[in-house]
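Each of the next two complexes has chain A plus one more chain, namely chain B in the first and chain C in the second.
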Partner chain A sequence: MAAFGFLDDVMRMNKRQLYYQLLNFGMIVSSALMIWKGLMVVTGSESPIVVVLSGSMEPAFYRGDLLLLTNHKEEPIRVGEIVVFKIEGRDIPIVHRVLKVHEKEDGSVKFLTKGDNNAVDDRGLYARGQLWLEKKDVVGRAKGFLPYAGIVTILMNDYPKFKYAMLAFLGIFVLTHRE
Partner chain B sequence: MNSFTSRLNSLFAFTLSVMAALTFGCFLSTVLNDHLRPVQLSVGKVSVKNVPDYSADRERSDLGFITFDLFTDLSPLYNWNVKMLFLYLTAEYKTKDHELNQVVLWDKIVKRGENTILDFRKTNTKYYFWDYGNGLKGNENVTLTLRWNVIPNAGTLPNVRGVGSEVIRFPDQYTAGRF
Partner chain C sequence: MASSKNLPAAEDVVKIDKWDSGALKNALDDGAKKVFVDVLHYKESHHLMDGRLVICTIAVFFAMFALVWDYFYPFPESRSVLMVCVISYFVLMGVLTLYLTYAEKGIFLVALEKDPAMMEPDNKWVLSSSLRKYDVMYNLTIQYTDGKTREERVVSCSKCVASFFDENGVFCFDLFSPVLEGLRKDLLSDKKKL
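Presenting the complex of A and B:
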């Protein structure tokens, strides 16, 4: 019985409190979603916050660091900027630095990237036969940096069981505990 | 209210909010810095060849060769919210096909605590100076600048152009032979 001690709170609730608890849970989920979508509008990026998943930008960024991105259309792409881009056939976006830019008069731009910690440029990572990236490949440009803040994401990626355990724990905690 | 877990919980929450406040304070304390420093640049040998670019589309493209001297003292840029500087030497020029070309020729990471007075003489470039096409021969207005990307402990990621630049004038003859 002691193992289900956490249910005591739920047992003592009446119907009204139970509904309130469920609504509260719904509020948390929907406000998180609203903040995310709101950030998408403000920054213009489809993914305004990314976690660094590889060591290819060390020692600037380590695994688990958090980057804030913007992707405004009128912002030009210049060398030295850190861009996050997607490659056809790869699910995970890559965070690398721009090494070369060739921009035409009409604003169309071709650029090449390289990871600070890699010995060669990214042509080997691009899709077969692809030599340059274009604006449509860009998910965002790194504008802000917060160390370690995404470490939980790294743990969840590396240990999927940890992810489910954590989600279950948080869900139960929110549903069963009274304010 | 006084159980072990609730104490652990409030201790954790308090630690987290103190760390968040400190990090934000650290960001605020350096957000107004302009990160500008003078840079002395000069160019030694300059030559240009026309060879197939096997790293890209195998078309014959202009390949520039330069050596450069660089002196700058970056010590005043380092403070408690600068983890490292990513320095990059950029050649910027205009060609018939492209309104703006930027090519990184050399880069260097200088972490806080390392030697911040840079003095390089007759240095070769780290990356090949490939043009996209044949726009280097006879190009008399290739601007060389040193720029840096400030990587903080937490905060924004500004790209700064060092004060001072140098113009490269490419000869209007291709250099024959291997070198």
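Presenting the complex of A and C:
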């Protein structure tokens, strides 16, 4: 009985309080979600915050740095900028610097990227037969960074069981604690 | 005395973590609610709580809608819908804060005392409480509105929470209910004097 003492509060609730408890949990999740979606709207990027997962951009960015991205359509892509892009067939976006840009008069752009810490450009990373990136591949451009703030994300990804245990614990805590 | 008749049965002993001020307040509020609803058989009015539930439900609905819409129409397409959802959500959170501060104001029970003859409008009892964090004084305010004369009267009291809990954190309803009975009688005897 003592082991389930934390359920006492829940057992004493009436149906309105139980529903509010669920809503409370829903609102915590919703707030996080709405902040994320709000950032998407403001920055124009589908993923406004990313964590650097590799050392290919050292010494500019290290593993675990948090990047803030924007992706406004009207801003042109320029050589030297750091872009985050997706490659067909790869799940994880890549953060690299723009090396060459070709712009046509109709507004279409193709560009090549390279990691600062890599010896060669990214053509080997692109999909088979792909020589250039286009605007549609871009997730965003790095506009700000927070050193090492994303290290928790890396740890969570490396130890998924730890992540699920944390989430389950927090979820149960919120659901069983009244207000 | 109400206390001897209404000793809690063994199964509904309320035992809480006595160092958790939120749990203390909830236990005391529930105790006061029990006096008015279970012992005196006044009818609880849920309008205030329902208002809060409606605001929260709509807010969560907006968030879920944004999630589903974004799933079916990926980002650049869903931008305007997302914008509407995000703005509505944060506006509703603001409304919720205002509602909690100005409408609920710590009110945890609105009880309606039916006129036995069903001729007069209900008498209204509004109970609100506060217990500041790291404070031992529980402040309870009872506001009474007479259904017929629309006359309002208020009493409040501050008691140390330790007077109603034993060392193990068990809530002593038989010590708490006389306090409420006393407050209630004060309010009603005021009426007779006038």
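Note that in this section the second predicted complex is superposed on the first by the 157 of 179 C-alpha atoms of A that agree within 3 Å, B and C clash if a C-alpha of one lies under 4 Å from a C-alpha of the other, contacts with A are read in each partner's own complex, and residues count from 1 in each chain.
We adopt the following convention: contacts are C-beta pairs under 8 Å (C-beta built on N, C-alpha and C of every residue); 3 or more make two chains touch, one makes a residue touch a chain.
Owing to the predicted nature of the structure, the values given are computational and were not obtained by experimental measurement.
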item: First (chain B), second (chain C), both or neither touched by A:82; value: first
item: Contacts of A:46 with chain B and chain C, given as first, second, both or neither; value: second
item: First, second, both or neither for A:74, with chain B first and chain C second; value: neither
item: Which of chain B and chain C A:12 touches, first, second, both or neither; value: second
item: Partner chain in contact with A:144 - chain B first, chain C second, else both or neither; value: first
item: Touched partner set for A:99, first chain B, second chain C, both or neither; value: first
item: Touched partner set for A:27, first chain B, second chain C, both or neither; value: second
item: First, second, both or neither for A:91, with chain B first and chain C second; value: neither
item: Touched partner set for A:37, first chain B, second chain C, both or neither; value: second
item: Intersection of the chain A residues that touch chain B with those that touch chain C; value: none
item: Residues of chain C touching chain A in the complex; value: 14-16, 22-23, 26, 30, 46, 49-50, 52-53, 56-57, 59-60, 62-64, 66-67, 70, 74-76, 79, 82-83, 85-86, 89-90, 93
item: Interface residues, chain A side, partner chain C - complex; value: 8-9, 12, 16, 19-20, 23-24, 26-27, 29-31, 33-34, 37-38, 40-41, 44, 46, 177-179
item: Parts of chain B lying in touch with chain A, wherever the complex brings them together; value: 23, 55-57, 83-84, 86, 88, 90, 97-104, 109, 111, 127, 130, 132, 147-149, 151-157, 159
item: Partner chain B, residues of chain A touching it in the complex; value: 59-61, 78-82, 97, 99-105, 110, 116, 123, 131, 142-147
